[in-house]
Every structure is written in C-alpha cells, then in structure tokens.
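Next come two complexes built around chain A: one with chain B, the other with chain C.
Here is the complex of A and B:
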C-alpha cells in the first residue's frame, strides 16, 4: 500500500521534481547560509582558538576581545603567577603595527609577541619552517592567509620587512585561522615585539595561564579575578566574547537571519503549493482507496511516506550541495578553516520536517474530508 | 519493493539511493571537518611553581642575577692613555691586583724633576753647611782673640752676620729638600693613582677598554664603565616583587628560582635581605624613554653553586612562599 503511495508520488515527475527541488533548495539555503554565518562570526574567536595551550586568558578589566585589549603593567605576569592553581603563566602581546614592504607599500599588520622561552602562543602547526626559527635574530613568522595577501604568488620566506624602523625577516609560515578582518599576522618573540610595536607605557596585552587542573579552569579564572583585580576568562568564555563582539558590532546576524528566514519561507511556499496541488490532483485516487476500505490512518501514513521520500531526497541533495560548496571553496584563503558544524544539518533537518509537516497537514485536511463517493462524481 | 531491473525507476530507487549515499558522505565530511580545538600541552616547559607551593599562597617575581658584591664599575682617578691592560673577562683577581695602567710619562718626568731638585737641595745643604762651618770657625776665631784692640768691632759684627746668614741658608736648603721630597712623594702618589687595582677579590665581568684608548674621568654621556667586576661566588639574585604583592611576601623564606629558558632546572635560593627602598620597576625593554608607574620591592637571595646555570645579568623567574603558607 505504501509502495502505491510512492508510485503515486513519482507518477507525476514534474510535481515530484518540483517538490524535491523545493526541499533541496531550502535545505541548501538554510544549511549553507547558517554555515557561513557561524564560520564568519567564529572568526571573532580565531585569535583565542589559535593559541592551543592556554586554559585561561588574563587581561585588563576593560579588555573585550583579543583585538580590543588594553595593556597591563609587566608585573601583572608575576601577580598571576602568584595565584595558587596557576601551573604556569606567560606573557602575550597583541598590537597593531604598520609594516613597510620591500616595494615601499604600507600594510597594517597584527604583531603577536609570544613568550621568549617557551613560545607559548604560537599556532599549533606550521605550513613551512619550524617554530625554532624565532630563535634567530629579527625573525617573524607570518600566517598563511597573510602570505596570500601580502605576497601573492610568491614565497615570503626570507623577505625583509621594516617594522617601526626595525628590520624583520620572515622565516616561517604558520597554519592559523585568519581573524575576522583577515589582517596579516606576524608572530615573533615577546622581546622582539616590544621593539616592533611603537612604545607605550604598558605593553603586556594578555597573560596566558595553564591551569593545574584544566577541568577547574572556570574556578581558577574566578580566583585570579579575586586575587589580582584583573579580568580572567576561560578559553571558551573568551572565544564567546570575540563572537559576541562581532554580533554586537556588525549587521551580520541580521543579514544572515533574513536569508535563513527566506530559505524557510521559499521552502514552505514551493513545497506547500506543489504538495497541495499534488494531493488535490490525486484526490480521486484517495477517494477510490477510501471506497475500497482504506482507513484515514492508512492514508495519513501514505502521505507521510510520500513526504518522507521527498524530504529524504531533497534534504540529502541540499546537504550534499552545501558540502560541495564548502569543499569547493576550501582552498580559497577567504574560506580558510570553514567547516560545517554538526548542529547545522540537524537544524535544517528540523526545518525540512517542519515544512513537510506543515504542508502535509494542510493538504491532508481535504483528503480526510473526502467522501468515498467523490470518485464517482 | 523488490529490486527488479526491468522496473528500475530513477526517481523511485536510484534517486533515494543517491540521497542516502550523499547524506552518509556528508556526515563523514562534516565529522572529519570539525575544527581541532583540543587543548594541548606546551611544547617547551614553562616556569612552574615548585610542587610544595603549587596549592599554597605564594608570590611570584622575576629578577636578574648579580654578583654578591653587586657589580663594581671600576673607574680611573686620572685621565690618560691606557698603557697596560692586565685582565680579561672571566679572570679571577685578588684584592689589590693590577687591572690596568694609565700613561704615566708626564708624572715620571715630574718625579725625575723632583729627584733632581732633591739632589740639588742636598748639594745646597752640604754647601750651606760648609759655609756655615767656615763662618762659625771665623766667628770663633774672632771671639777667641782676647785683646779687644786686635780685632775691630766691625769685623766681629760682619763675622757674626755671616755665621747667622750661613745658618739661614742651611735652613733654606733643608726646606728646599723637604719641598723637593714632597714633590717627589706627590709624583709617586700620582704614579700609584695611574695604576688601577682591584678593590676586592672577585671575577672580571666585562672589559670595555683596550690598550691605547683614552680614559676620561669626565664621564661623557652614556660612557660605559671601563671594567666591571664583582664577587661571583656566591651569586645573588635580585627579585622584583610588585609593591601590591610585597606585603604578602614571607620575608626570610627561601625562593625557588629558575633561569629563563631552562625552567625545569629549579634551585632553592636563600634569603639575604630586602632592599629598604622600593624602586620603580625596570622593564628591560631597552627603550630610551622608559616611563613606569609600577614600583617593586627588591629582595636579594643567594644562589647555590650551580656550575654555570646562572650567569650575571641573566633573567630569572622566582616563586616565594607567601605569609600564611605552610612553610
């Protein structure tokens, strides 16, 4: 009987493909736009996620994100080290600087100074070179996306830059997620960074902390705040701060929210219209089925199977389309590090379910009211 | 829904299959593409609090290694060319050992002049003595003549005058000798001042002068010290403690100290003293215009013998127990 329902559905190829297209299109729209949205605002947290070993970030109470930070006196490091439960703490400098390239161009860069002795604060992996190059004088490591912006089509290794009248030589490329603004990032030692960034009184932007017990990072951050008067955020909290900062200060959530809503509305409109047309066309067949004694419950199940098949095919094609999109652009530096969070396909699955449930229910109302006699009219 | 090849329908069988396979592939892609946000252990050992302080109240500070005598910047009392340099960095010297000599030719010439003046004065003394003797014997001769008519009164007065004058000349000559000797003595002192000697026993840390260079006592802007030395056994370490943390510090407790870059090599350093003066924090940025508003209490600890692990001027990280810790 259910097989009949499926034959009934695919009998009219135009309507079937129309339904599948509607579902596939709204799935694609919702999934792909949500994916780009999530990845875009997570760029606000990339500075935090690039540092892979810090459990807690300590900063001045007015600092908000990795890029909006107010520097602290250098003794803040010792204050943090004095707090019980802190296994280690290292200085971390983040500042904006202007760099003059070999051609004389001026480029704004972010300079990140990592602890001299331990190099904590560098990204986890390198594209080219090793982190040991920082032990050579005047060395900097550039991030891979910055390479494509600053040195398109050539290797930056060995290039000389001028930072605050100081010579800097690029000796490595780091594998890092770019920031929201895709600023070129130069990693160097803390003591070098002090020379590269024009001097202000206080220079220490962050103190990176390793917890004795990483599971107790939240309690540790509260203790650091109590004892030092500084602001301490766990890694996840601070990543969230970066995301919130972008949500508060840009129109991105509204923009993408509108597109996602449009996807949903388009889905409801196309699918709803086609589905109800399809049911109305087949109302005679349903009447005949009723005439031979098929119950309403069975008819409901038949329509559910029809909706399920449309949903399965449409949803599958939509998700595959998104995967192809992300996969196809993965080599593009703008989309570096983009991924599909596993929650998003589930969200679009729920959306597809809602679309089909809504339109199916609307279409079924007529069928259930149909008299078996209507087949003879 | 038996599979019948004749009845194989694209929309009924192949399309759902494509959708399912596509979904499975998408799930694999999504799971494989999830970003790696695992926390990792740092690759190199960062400075950690010692085990006995890990969960205790503690104070952390950073500091610089210095000689137990503090660094002595050897100066020169006099300006001039360097004619001899007798030490190099790393040498151990005893108190009073010669470090370097400044050109002493001019002073030696003065000494020779003074020596000549001494010889001259000695000769003048001899000459004055003999003329005094002559005058004295002449006067005695006149005095011994008993007949007053035999010698005129004027002769006697002249002889008396000559004797007195001879005595005065002798005193003058002696005074000249004293003056020449004093001049010679001062020239010898100058010569000694041109030889710069070690004020204490210790190690030469830096030599910034070379033979033939001119050392000036005027101390022009940014002049380097000529020679830096200090007692390096034992070494001391000067730990800066933020003034806000200073009241918590357990004065007298030992400190756990590790050098930058070798934080796994921790040693225990003994308390020596706390400087009575709280000073502005020196940030070691080598910037010309350093402005600070952080003040630090400097506490001195004595490092154990570690065979080259610590060197003068090296930065260190330190952990010290706070008041109320179980130590």
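Here is the complex of A and C:
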C-alpha cells in the first residue's frame, strides 16, 4: 500500500513538485538565514578568535568588547604579570583611526598594536608576507578583507598610507576573520601603534594573558580580577561578550527571526495548500480504498509516507541549496569563513517535520472523515 | 430438525443465504427532519444468482446495497453476509471482512490515475498484504479473463471508458470475493457495451458460492437478471424473475 501511496503522489507531478518546492524553499530560507545569522553574530567575537593564543583578556572594568574598550594605565601590565598562574602577559592596543589612501579617499580603520617582542596579537596565519616584516620601520600588516575593500583587484604590498598623519607602509596580508562591520584592520607593533594613534595618557586597551594551565583559565581570570581590580575574561567568555553585544545592540536577531518565521509560514502555506489539493483530488480514490478494506491506520501510514517522501526530497534540496549558496559566495569577503553549524540543519529538519505534521494532519482529517459509503455517490 | 423450516416467517435467516437482512431501516438527518429512506427491509439474496435491485431515483437502492456490503450502518435491523452479522463486528474486523469477502464496482470506477491497469486491479490483493509482483500477476490473469490483458501496462487515462470499467471489474473480482456489488454499472455506457459488461459479470461474478447484486435503473438490461427486486420509497414491492407489468 505504501508503494501505491508514493505512486499516487509522484504520479501527480505538478503537485509533487509543488510540495517538494515548498519544503525546499522553506528549508533553504530557514537554513540559509540561520547560517548567515549565526556567522554574522559570531563576527562580534572575531577580535577574540583572531588572537587564539590568549587564554585570558584583561581590561578596564568598563570595557565590554574588543571594540568597545576603555584604555588602562600602562602599569596594568606589570600588575597582571605579577599574578600567580600567569605564564605571560603582553600589551594589546586597539583603536580607531582614519587613513588617507593614495587616491585621496578617507577610510576608517582599526589599528591593532601587538606586543613588540613576541608579536602575540596577530592572527594565526598570513596570506602574504611574514610577520617578521613588522620589524621594518613604519610597517603595517593589513587584513585580507581590508585588502579587497581598500585595494580591490590589486596587491597592497608596498602601498603607502597616511595614518593619522603618520606614514605607514603595508608589508604583509594577514588571514583574519573579518569583524562584524568588516572594518579594514591594520596590525602593527605596539610601540608603532602608539605613534599612529594620537592620544591620551592611557592607551593600553587590553592585556593578553597566557595561562600556565590553560584548563584553569577561568580560575586565573578570577584571581586576576581579585588581585588587580581589573576585569578579566576567558577567551570563551570574551567571545560570548562580543556576540551578546551584537545581539543586544542591533536589530539583527529580530530581522533574521522574522525571515525565518516567514520561511516557516510560506512553507506551511504552500505545502498546506498543495497537500490539501492533492488529497482533495484523490479523495474518491481514498474513499474507494476505504470501502475495499483499507483501514484508517493504513491510510494514515500512506499519507505519512507521502509527507515523508516530500519532506526528505525537499529538505535534501534545501540543505544542498544552502551549501551551494554558502560555497558560491565563499570568495566574497562578506561570507569569509562562513560555515553551517550542525544544529542549523537539525533546526530546519524540525521545522520541516512540523510543517508536514501540521499540513499532513489537516489533509488527513478529510480522508479519515470520508465515509466509505460516499463512493457510491 | 429434519425438514428445512422457512425461517423467514419467524424472522430468522436461512444459513445458506448469501445476504440476509431483517427489519433493516435507515434514517437520514436532513436539518431538523429525519427522513426514513428504508422501511424494514427483509431480504434474502441467494448465491449463484445475478440479482438486480431496481427502482426510481431516490427510492433507496444505493442506501440498501451500501448497508448490505458493510459500508453504511443501518439505523435498525440485522444484516448477515454469509452468516456473519457484519454490524456486530468491530470497526477493524468489518474493514477486514470487506477486504476478504466483498468486491466493489463503483460507477465512477475510482481507479488510481498514476498506477497502471494491472496494479489498479491488484489493489485488493496488495491491501491483503500479498507480494506486489504476485498480486500483479494475478491481476493480469484477471484482466486477460476480461479480454483486456493487452492493456495491463496502461494508465487509466490511456484507456477508454469501457476499458476502465473492465479494470474496475477486475479489481472487484481479483481477490475472489464471495459477494460482488455494483451500483449502476451500465449507466455511462451505450446499450451494446452495457449488455457486454453484464454478460461479462454473469460469466465471472456469478458462481455456485458467490452472489452478485447489481443496482440499476437501466431497463435495457432487465432481461439479463436471474432475479429482480423492485424498491419503491424504501420498501421492496416486487420480487421475481421478470419486471412487473407497468414498469
């Protein structure tokens, strides 16, 4: 009987494709939007992810994220270094600046000053050049997304910039996760950064800490807070702070939430309508089957198999569509590093299941209500 | 016991009756009103006969055969099909009883459009749980008996109306049910096709231990009946080999 159910459904090509399209469209919309959402808000933590060697971030108590930070006096560094359990601690400067390009355009950039001696604070790998270039005078390393933004289609190596009236030369390209706003990032030595960023007495944004025992990072961060009066967050906590900041301060969750809800509603509408049309067209056949001697339980299983088939094919197409979408745009800097967390296909699978359970149940009600006696009418 | 007793007189059913109804009534609710469509039907349908149920439109023919084949509950009365009191069965047992014992020929055929003639004819066997290929083989054999074996691979829409009806007949007979019911099998056909279908049904559906009951008001085929029952306003008013005078 299940074979017959499948043939009944696939035999009506128009409706079958309509159903599959409905599910695929919903799956695509939900999966794709959730993927973009998750990856986008994770960009709020890119500053933390890019410095993977730091176990603990120490900052002024009012600082909130890598980009919303209040500078500390330089004595903070020594205070942190004296806390037991700290293997190393290095200064880290993050500031906004304006650059004038060769063409005279003005561009806002983030300047990141990394420890002169160890260069801790740079992203893990380089696209071009080595991190050693920072020892040359006036050197900066630009991030790859910044390259595509400021120097589309050309190499930035050797380019001169005017950075807050200071001369800077790009000597390398870092492979970095872009920030939420995809701001151009220039990495330089801490001492150099102090020249680039004009300013006040306090300019130490963070102290990056390596723990003697990285597994005890949480305990170490608490000890640092106790002994220095500064705020200390483990890498994971600080990454989450960045994500939370985006969630709390932008309309992004709401916007994506609306799109995901629309995907679900459109799915219910298309699938519900097509499914009930399909059932209505076949109600006589279902009635005949009931008269001949097919139990309601078997009819339920038939409709469940029909829904399951539509769900499987539609869901598969939707997920594959999302993968192609992400893959197709992977060279676009906006989508750099995008991945599909495993939870998302699971969520859309649940959504598909709900859509089909709801619409299948509605459609099935008509079949179950059909009196077998109606076949003689 | 000795000599057989005519139990009809005292309300019981003959054990050899294919279908036996006693005091069957059926009401329908039309708004506030209750319409009584059948008024105490007492009938014995014998196996081995082609029984016609005729009557004016609205007289209750469809209602009566629906009750006799287990798809419509009588308001009152008793219905036995081959000795089984079918409305005493549980819902699922009644469904199973129909699947094993009754073949249906619907006026609108109700074939499944997306499966071929042989698979359509095989539906009751498949529903009984028979292996699909074996069921198909048997269905093809039945189609051959109905002279449309060469159409076995065609979809219903590729067949003429008459061929579709033969497929529907094959479906009704493929599982060798003991009771075959048809509602208006010839209404959509011209005179000669109608007669051919009836001859066919006679050949394949009527046997020693099988009953076939046909609802019709097609007077062109009355002469093919073994027995004609006339229903008027929910009562049996005639029972005989031929139609009464004046019809």
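Just so we're on the same page, the second predicted complex is superposed on the first by the 374 of 377 C-alpha atoms of A that agree within 3 Å, B and C clash if a C-alpha of one lies under 4 Å from a C-alpha of the other, contacts with A are read in each partner's own complex, and residues count from 1 in each chain.
In this section, contacts are C-beta pairs under 8 Å (C-beta built on N, C-alpha and C of every residue); 3 or more make two chains touch, one makes a residue touch a chain.
It should be emphasised that the depicted structure is a prediction, and the values quoted were computed from it without experimental measurement.
Participant: Just checking: does A:84 make contact with chain B only, chain C only, both, or neither of them? Give me first, second, both or neither.
Facilitator: Only chain B; A:84 stays clear of chain C.
Participant: Using the touch definition from the top, say if A:10 reaches chain B (first), chain C (second), both or neither.
Facilitator: In the superposition, A:10 touches chain B and chain C alike.
Participant: Which of the two, chain B or chain C, is in touch with more residues of chain A?
Facilitator: After superposing on chain A, more of chain A is contacted by B.
Participant: Of the partners chain B and chain C, which touch A:313 in the superposed model: first, second, both, neither?
Facilitator: first
Participant: May I ask you to decide whether A:285 touches chain B, chain C, both, or neither, giving the answer as first, second, both or neither?
Facilitator: In the superposition, A:285 contacts chain C only.
Participant: Per the contact definition in the header, classify A:181: touching chain B only (first), chain C only (second), both, or neither.
Facilitator: In the superposition, A:181 contacts neither chain B nor chain C.
Participant: Once the shared chain is lined up, is A:343 touching chain B (first), chain C (second), both, or neither of them?
Facilitator: A:343 sits against neither chain B nor chain C.
Participant: Please indicate which partner A:371 is in contact with in the superposed arrangement: first for chain B, second for chain C, both, or neither.
Facilitator: After superposition on chain A, A:371 lies in contact with chain C alone.
Participant: For chain A, what residues appear in both contact lists, the one with chain B and the one with chain C?
Facilitator: Residues 3, 7, 10, which sit in both footprints.
Participant: Any idea which chain A residues touch chain B in the complex?
Facilitator: Per the stated touch rule, the residues are 3, 6-7, 10, 13, 16-17, 20, 49, 52-53, 55, 73-75, 77-82, 84-90, 115-120, 124, 131, 177, 191, 194-195, 199, 201, 203, 210, 212, 214, 235, 309, 312-317, 319-320, 322-323, 326-327, 337, 339-342, 345.
Participant: Please give the residue numbers of chain C that touch chain A in the complex, ascending.
Facilitator: Chain C reaches chain A through residues 62, 65-66, 71-72, 92, 95-100, 102, 104, 106-108, 110-115, 119, 123-124, 126-128, 132, 171, 183.
Participant: Report the residues of chain A in contact with chain C in the complex, numbered from low to high.
Facilitator: Those residues of chain A that touch chain C are 1, 3-4, 7-8, 10-12, 282, 284-285, 287-295, 298, 371-373, 375-377.
Participant: Taking the touch rule as given, give the residues of chain B at its contact with chain A in the complex, in rising order.
Facilitator: 1, 9, 11-12, 15-16, 18-20, 22-23, 25-26, 29-31, 33-49, 54-62, 240-242, 244-245, 248, 260-261, 263, 281, 283, 285, 287, 289, 291-294, 296, 317, 319, 322
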